[in-house]
Every structure is written in structure tokens, then in C-alpha cells.
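Scroll down for the structure; my scribbles are underneath it.
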Amino acid sequence: MCALQNALVKDKDDVKLRCVVLSANGKIWSAGHNLKELHGNPDIQRSVFQKLTDIIRDIQLLPVPVIGKVNGYAAAAGCQLAVSCDIVVCSKTSKFSTPGAGVGVFCSTPGVAIARVMSRPKSAYMLMTGLPVTGEEAFISGMVSRVVQAEDLDREIDEITCAINAKSRAVISLGKEFYYKQLAMPLNEAYPAAGQKMEENLQLSDCQEGIASFIEKRAPHWKHE
Amino acid sequence: MCALQNALVKDKDDVKLRCVVLSANGKIWSAGHNLKELHGNPDIQRSVFQKLTDIIRDIQLLPVPVIGKVNGYAAAAGCQLAVSCDIVVCSKTSKFSTPGAGVGVFCSTPGVAIARVMSRPKSAYMLMTGLPVTGEEAFISGMVSRVVQAEDLDREIDEITCAINAKSRAVISLGKEFYYKQLAMPLNEAYPAAGQKMEENLQLSDCQEGIASFIEKRAPHWKHE
Amino acid sequence: MCALQNALVKDKDDVKLRCVVLSANGKIWSAGHNLKELHGNPDIQRSVFQKLTDIIRDIQLLPVPVIGKVNGYAAAAGCQLAVSCDIVVCSKTSKFSTPGAGVGVFCSTPGVAIARVMSRPKSAYMLMTGLPVTGEEAFISGMVSRVVQAEDLDREIDEITCAINAKSRAVISLGKEFYYKQLAMPLNEAYPAAGQKMEENLQLSDCQEGIASFIEKRAPHWKHE
């Protein structure tokens, strides 16, 4: 988790960083925490859970989109990490589960994440039975942004990263930050706050360039700042 | 937007108005704000965003259901307007997107609307990539109430408006107003409030007529008041 | 409703009770309240709505999962009850509706339940039109956890109950209680609370047994306490 966190944040102020893709080698995207680490010392237990919470906060605070590319199994805290990426794409053969209760550790922290991306009957099913859901079911439930055939996964990720790379980093960064803020607001606060954010956005030089390029029917030249 | 707002509210107190259908001519349902209007004067910018927020508030306050009938492209603020209708029906060939970041204007206000009708990974995908989703995907995500073949769209709208027209306007109006109120409440407040609203509903003369008609196995005769 | 409530809670402290399945005989899973009871006396009306709210609270408070097994029609308060089970499984031929407005009683209390398991455009459609949705549509919307062919419903329920029965009741109970608590919390409160709950979970003797059995590659022996 420390290596993952360092990799996530180390280039965050580099204007050339435009998005991050979290992927894995092999059939297991992530199996979650190491149960042996959770067996015994309460201080270690606490630091294990805190570290993942910190990583998820870092994903949200990163000024560029973080894309989970899932081609395999994401279980327990691995499932929590996957659905906590800004955007999540998986192959149809991927599986997601929160099976902790089967070894005596109810997936309460993964539950916080999954209960916020799918309906209550669907997250309760996953948490209480521990049974896996397929990539297609994860798409239907809302857990992932897109699902594709395994052989199309690279192409899908390319489409997404190209779409992001074609935009101004400054605009994406402003938009992402506000996106998470408004999620936590009631509707009657979110709209006035969004109106203010739009005005702020319109003052960015990349925004003036973007609108000018649209009116002049030419490609924009971003400064990304 | 002024014409739309006037059309929405002008008959609102007419007991003969029983629902409103928002539809469009041509392939574009709505492309959102006019970028040229957003280029320059901050006062105009502010009034543009405020006007749409007012229209969305008027949709919710209207005493009859507002149905978005989408057969084409709904983009940016047009997408925000579509999903802000009480009920939304689209054809399979319809598309929805929030592509503002591509011209330097992150769709922060549309984001408030779409993030409240689909999961976070799905709305983040739309906002950060600007890529469109199909009518079928919009149905799966929760963005629209129903999706049908383009040639069945009129029939589907007829079925919905007939179902609404067969009911008491007074009952629908009371129910719609409370529906939006309870959405903003935590569960433990919503149930007691709903219980009170049910008692209030049961005192409407149209409710007493409705129950009597059910018991007497005959069609109800509504007063709509 | 009194018989249902008594059946739900009477064995709740029996360690041998590991889950509850709510099912029905015949084509109607539940048609909701008896309209004749709602016709007249306000005290009776109040007690009818209060009783169902109490049952739904009891479902959430029960220390074991409650599974709704729907093979037929769930309407109005019957639909509310179905989606208020922790886990809901239905056959493809099942139907769900909130048709109260058709007899003058807008389904405001069922609306509290359904608006919290599906998107706003989908629940508004059900409430304002009263039109039914199929089992498949209920699965897509998030209303139910799983949908299967009618002939596979028993097998699906078996899979779920076996998965729950293979776990420690103490762990499931702790997890279920916290699950509902965190649902009502903002994200920034839910994660710290979940971390604390994980530590508490790790101190259960059944948890230590579960982790030990995993490390030793053997079946766990639960005490369920």
C-alpha cells in the first residue's frame, strides 16, 4: 500500500501527468489486505485500515482522474480500492466480492465504498453472502463505469485516456475537485455552489481559449494551468 | 430558456393541465447553453446558469408530472434538463453527454444533476471524459425511467400520460410535492413524515371517492381538487 | 402484519436462527394494505402505517439477514416491504408497482422505500404512473439483489442461505448492524467509524478462529457468539 500511495502522488504536481491508470498483473486485481497482518497487533490493524483510507482520499485529491482497469478478481479491500477510483472499467470476466465474513472479518470498510456505488439490496447481498458478482453485474449495479470484453479492455482504456488527454488539465482538475465537493451537498446547496464554480471556471485562460477555439472552429491550444 | 420557462408555468393552475411533455424537433434534443453567451460578460454568465436552475426548480414545483421525451442528443445543460424532468423516456438511439471540459468548461452544473441519478463511477466517467452514453446505457445507469425503440416512443409517452390522466390531479400533486421533500430527508425522518402525508391524503375528497370506487368495483369520478 | 412481525422477531435471540426468508403462496407476494382498513377511522389509518414502519425497523434490527423471496406481484406497501428486506431475490415473472394514486392514495410511504433503492427518474415513474415493472427491470434499477428464472428461485435462495449459514452469526450480526449505521453517515464519518468497527470485529473469538482457519487451511469452527 505504501508503494501504491507513493506512485499515486509522486508526480501529482507535474503538469505532464494527465491521468493515472491502476492495473494489475495476473488473475487477481487485488485480494485485499493480508489477513496475516490483521492477526494480532491492534496497532498494525489500525494502520492497515488507515493506510487504505488515506489512499482513497489521495485518489480523490489527485488533480487528475484515476482510472481502475480491472481484469480479474477484486476482493474485499481490493474491491474497495477498485470502486474508489474516479472511473472504473472492467472486463466481463472480472469478478468482485466482499467475502470477509467467511473468515470472520465482515467487510465493513469495503462496505462503506460499495454501499455508495450501488443500491442497498445489492451491496447487502455482497456483504452478507460474500458471493461474487460478474463484471456485467457490476456494470448494471453501478459499481463500474464501463464493462467490455477482455480483449477490448486496452482499447477502452485508450479511449478514456485519450479523451482526458485532449482536455486542459487545469479544467479537469477544477472540475474533479468540485465534483467530489458537490456530491456531499444537498441539492439546494449544490446548485448555487456549482454556479459559482462555473463562473470561476470561465475565468481560466484555458476556458477562454476553449470557447474561442469552438467559435473559431479550430483546435484549442491548452496551457494546462 | 425564457420561452421554455413560460410554457412550463403558464397553465400550472389550470385544473385541466395534467402533465407536461418536453420534447424536441430534430436530432438534437438540447445541446445546452449557447457558448457564445458564456464568452465574456460575467453578469450574463450568472443569469444563464441561474435561469436553468430556476427552470429545474419550476419542474419540481409544478403540480403535475413533467416528462422528458428524448429522441436524439442531450448534451451538457441539455442533459441536465433532460434528467431533471420528473420522468424521462428516451429512444435507444438517443445519446447523453457532458462534454463541456472539451471546450474548457467543465460541466459542473450538469454534474450536480447527473451525479444524483446514477452511480459515482458512471457520472465521473461522463464528466471527466465527455464521452457519450447511449439510451440503453442511460437506462441501465438510472438516468432515464424507460428506454424504447425510436418507433415506440410516442406509444410509450401515450401510455405514461394516459396513466397520469386517469388519476386525480389533486392526489398526484400532493404526492409529487411530498416525493421531493422526502428525498432530502434521512430515512428516520422520511417515514414519520410520509405517515402524516398519507393521513392528509386520506382526507382528500378524491381519495375517499377513489377508495369507495375500489370497494364498489366501479370507475372513480375525480374532482381533481 | 402483527403475525408477520411476531414471526420475524420471536426467535431473534436464538443462536440457531441464522437468516429469515419472507416468501408468499400464490401469485400475489403482497398487495399491500387493505384499502377497507384505510377507509374511515384516522386512528386505524395511523396504526396501519405505523405497524409497517415498525416491521421495517425490526427487519433492520434483526441480528440475522432477512431475505425477500418474490415470485409474483408486490404492490404498494407490499412493494415497500419487499425492497425493505436486507436482500431481495425475485423471479423474472415477478412484478412490482406502486399504484396507489389510481385509487386516490398516492404511495407516499412506499415511495420512501423505493426512492432509496433506485434512481429518482425510475421511482418517480413508478409512483406517478402506477405502472408495473418486471423482475428484470427491478434488477436493473437496483430494487432487487438478484433476478432468476422462476424455476431457479429455490436454488438461488438455497445458495444465499447456505452462504450465510456457513458464516459466524456473531460476525454477520456485527456487520449488519454497522452496515445500516454507516449508510446514514457522510463518507468522511463512515470510514473512521468503519475502521473502529473492524478493530472491534477483530476481537471477536469467531474472528480469531476465522483468520486462524484461513492461515491453517482448514474449515473454521464457529461459536456464533
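Descriptive notes on the structure:
Letters A, B and C mark the chains in the order given here, with residues in each chain numbered from 1 onward.
Here, a contact is a pair of C-beta atoms (placed from the backbone, for glycine too) under 8 Å apart; a residue touches a chain by one contact, two chains touch by 3 or more.
Everything numeric here is computed off the predicted structure, so don't read it as measured data.
If you sketch which chains touch which, every chain touches every other chain without exception. Here the C-alpha atoms of chain A line up with those of chain C after a rotation of 120°, rounded in steps of 5. At the chain B-chain C interface, residue numbers used by both copies make up under half of all numbers present, so the two copies contact each other through mostly different positions. Centre-to-centre separation of chain B and chain C, using mean CA positions: 29 Å.
Residues of chain A in contact with two or more other chains: 116, 118, 140-142. Contact residues of chain A toward chain B in the complex are 65, 83, 85-88, 116-118, 139-146, 159-160, 163-164, 166-168, 171-172, 174-176, 178-179, 182-183, 186-188, 190-192, 194-195, 197-199, 201-202, 204, 206-215, 220.
Of all residues in chain B, those touching chain A in their complex are 35-36, 38-39, 42, 45-46, 49-50, 53, 56, 101-109, 111-112, 115-116, 118-125, 127-131, 140-142, 184.
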